[in-house]
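Labels run A, B, C, D, E and F following the written order; every chain starts at residue 1.
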Amino acid sequence: MSEFTHFNKQGRANMVDISDKDESGRKAVVYSQVKMKETVWKAVQEGNMKKGDVLAVAQTAGIMAGKKTSDLIPMCHPLMLTKMDIHFEFPEEGLIGIYVTVKTKGSTGVEMEALTAASVTGLTIYDMCKAMDKSMELGPTYLIEKDGGKSGHYQRYSTIEP
Amino acid sequence: MSEFTHFNKQGRANMVDISDKDESGRKAVVYSQVKMKETVWKAVQEGNMKKGDVLAVAQTAGIMAGKKTSDLIPMCHPLMLTKMDIHFEFPEEGLIGIYVTVKTKGSTGVEMEALTAASVTGLTIYDMCKAMDKSMELGPTYLIEKDGGKSGHYQRYSTIEP
Amino acid sequence: MSEFTHFNKQGRANMVDISDKDESGRKAVVYSQVKMKETVWKAVQEGNMKKGDVLAVAQTAGIMAGKKTSDLIPMCHPLMLTKMDIHFEFPEEGLIGIYVTVKTKGSTGVEMEALTAASVTGLTIYDMCKAMDKSMELGPTYLIEKDGGKSGHYQRYSTIEP
Amino acid sequence: MSEFTHFNKQGRANMVDISDKDESGRKAVVYSQVKMKETVWKAVQEGNMKKGDVLAVAQTAGIMAGKKTSDLIPMCHPLMLTKMDIHFEFPEEGLIGIYVTVKTKGSTGVEMEALTAASVTGLTIYDMCKAMDKSMELGPTYLIEKDGGKSGHYQRYSTIEP
Amino acid sequence: MSEFTHFNKQGRANMVDISDKDESGRKAVVYSQVKMKETVWKAVQEGNMKKGDVLAVAQTAGIMAGKKTSDLIPMCHPLMLTKMDIHFEFPEEGLIGIYVTVKTKGSTGVEMEALTAASVTGLTIYDMCKAMDKSMELGPTYLIEKDGGKSGHYQRYSTIEP
Amino acid sequence: MSEFTHFNKQGRANMVDISDKDESGRKAVVYSQVKMKETVWKAVQEGNMKKGDVLAVAQTAGIMAGKKTSDLIPMCHPLMLTKMDIHFEFPEEGLIGIYVTVKTKGSTGVEMEALTAASVTGLTIYDMCKAMDKSMELGPTYLIEKDGGKSGHYQRYSTIEP
């Protein structure tokens, strides 16, 4: 495909017509990450166990943001999400990996919902750690897997090491 | 500093007390980027000139999201932003650079507002291009500069090539 | 049942998967109340008849809040409500009873929507009367009846005198 | 019909019950306009071509507002919109015509969504031009066409020249 | 003035910098109207007295929308409103006049807040009457008076008969 | 005082004028509670320690709702909160006590913000436990203490045992 789908005949953005698309089960899995100083990274993990749970707040914020996607992204259709799950990995020192899975039954995909949830999860981690580290980095954020709809199954084959 | 500022005595997150902090002029500059296939990247730039302006929509979405920051990030204080500006660069093939500047007069900084605006700008570019490229990457997103408040001026000295 | 349904394998909250649950007609009826000084209670009732209708504002606020439930309650699924109705009783001096009925066709129940609507109805009454009485009490708020879904019909048999 | 449909037995507004109404394809087309000084009107059109695209921002705002309709209009049911499109005409000097088309599959019509989108599109044009003209006029705003549902097709036969 | 104030050097919209503008008392008064069949217009007025108060709902919705202005209008600065008042007139058969007064202490004017409140008040009247009349017209909506700030006092001298 | 402050000369609700009120430090402390079966109550406390932290989610939701108060309560002025803190007590079997403290510098009090935060904290606990107990009760919810502003210090002297 080599054309934008979001523009009308005047060349202006619109919300594309999905009235005649069939509803189907849809799923998207997204990855994002936050990179921080090792001391902060350790504090997040300890906080996770003892007291001051950064990740509990971040994950709540992420789920709430996923539900607001069509409020934030102008041409996104509103969708009734049927499942959202966020979990964390600590693949190497200084790195928090964020995995988001979203599902719906609907006429369009849910990658934007998963990407938005992942981004706001990261932003919240940043907010709660920023007094300790101003040099943190959010992302990269990308689609790992997508299922359902006309375009079928998508799986990222990537040499990127998150 | 080695302690989280967002937790109360029960170890639960709270909105930290800024009642006694002086108001001052505050500024934050943030960078983010979207990486995409060159064909899509060219289409975005052409669209930018001819018709179908992806970046006009993305930048409107980014500014609106910046104003919603305290709605999205749980422990963020609400702030009356006095300025927000977003501009784009095309530093190399396949790369769109997003620069966000936010200002306020207030008792706390505006980096979260700038980071949120930059993230949603990127997410909107992604949304409008996703039919043409499923492998796009959002971020890294980070603070370039920060001014005002007790902690003073911060400038990122970075070898990262955005 | 003795397990929380809102936690994933990492022990973190998530939005539980309702993708495979059948849609059915759903209904919830909720009760809440506001307790206030008799002079204020009389003023609310008179205002209701003559001018300055506290309850018209409160009930509008309640209905709008019911539609925002999934925005407020982190793990709530978004739902397309098909009916919402709020009415008031004055069972004894100083007491305003709030009854909320909500309906939907969907894969999950609507008690949270009814409870949220009832709570914000009460909060709005409080707001409009607080200059006259600082000792008001909101609630108790509870489910009276629930219909639809796998768990079937629920009816509160209560000795509580609202 | 000569009765309001939005009031319950206590004479209070409610969200009317659409639980038993069939879902069908629905469509609404709405017109609105902004009247301004000719110098400003020309600047909008030129900006549209060269730089500073008032209408791109206005149309993005309109589409986002259309999705917020049930958040703004108390007794409106939430609806999953399947299409929204906004385009502009310049029928005479000083006049910008706004046409909004909205579609859904659902149990109630979408004229409120189209009217809200059209109103906020106009408000945004006003905001961006107000430094140059304080005497602008928004509206009239009205329904041109409506399709779907029990009441069938509606077409405005109007001598009004938009 | 003959230049848009909302565009940056790239020709893109931004939120203009008001960081150095002094705070002052600000006020705006706005007019809007809804035109409807006389039978409906009478029903609204009677409802207003007996039961089913369309205008109480509309005015609550208008005030809530005024507070959401910076959420709806992309380049609007967030503002702490200090007063909002809406009242209605019935100047001739079939016509409901809507008057909105808004005040703030701040660095920018409040006409957008008053215009947004007036528009949503009208939209809500429309919503509650639309089952009885599909040909209603919203607007014209315009600024009557503005006070405060550098540009000083503005009063509309108009031959328009609202 | 024996008059509502929220009504204008037409007897309609409005947002009262606080333009000329001085800004001062303000504080409100609010109590709410959730009553549940002892088995559920124990599970919440254990979850609190081991995994599945109901209270972390509830408290995040409460803080976010506190910031949305003027969005939910029609006649509430928007306020820039400077501090919000929520903590929990377990005063007897089956009872979770919720204490909310809110501060601002502003022209009006913050009891509505604290009451809203406390209510949504309770609603979220309810949501996450409702699969295990349908008979839970939310509230009573009331003001414990209020400071700042013309009316001065308020302290509830209560025989109520929360």
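The criterion applied here is as follows: a contact is a pair of C-beta atoms (placed from the backbone, for glycine too) under 8 Å apart; a residue touches a chain by one contact, two chains touch by 3 or more.
All values reported here derive from a predicted model rather than from experimental measurement.
Note on connectivity: the fewest chain-to-chain touch steps from chain A to chain F number 1. With respect to chain F, maximal separation of chain centres occurs for D (centres as means of Cα atoms). The pair from A-D, B-E or A-F that reproduces the interface of C-E, where over half of the contact pairs by residue number are the same, turns out to be A-F.
At the chain A-chain D interface, residue numbers used by both copies make up under half of all numbers present, so the two copies contact each other through mostly different positions. Among the other chains, the CA centroid farthest from that of chain A is the one of E.
Averaged C-alpha coordinates put the centre of chain B at 37 Å from the centre of chain C. Centroid to centroid, with C-alpha atoms defining each point, chain C and chain F lie 16 Å apart. Each chain gets one centre point, the mean of its Cα atoms, and the points for chain B and chain F are 32 Å apart. Shared contact sites, meaning residues of chain D that touch two or more other chains, fall at 10, 12-13, 53, 56-57, 60-61, 64, 68, 74-75, 80. Of all possible chain pairs, the ones that touch are A-B, A-C, A-D, A-F, B-D, B-E, B-F, C-D, C-E, C-F, D-E, E-F.
The touching residues of chain C, counted against chain F in their complex, run 1-7, 10-13, 32, 35, 39, 43, 47, 50-54, 56-57, 60-61, 64-65, 68, 72-76, 111-112, 115-116, 119-120, 123-124, 126-132, 134-143, 146, 154, 156, 160. Interface of chain B with chain E (complex): residues 25, 55-56, 59-60, 63-64, 67-68, 80-88, 103-105.
Considering their complex, residues 53, 56-57, 60-61, 64 of chain A touch chain F.
Those residues of chain F lying in contact with chain E across their complex are 8-10, 12-19, 70-71, 74-75, 77-80, 106-107.
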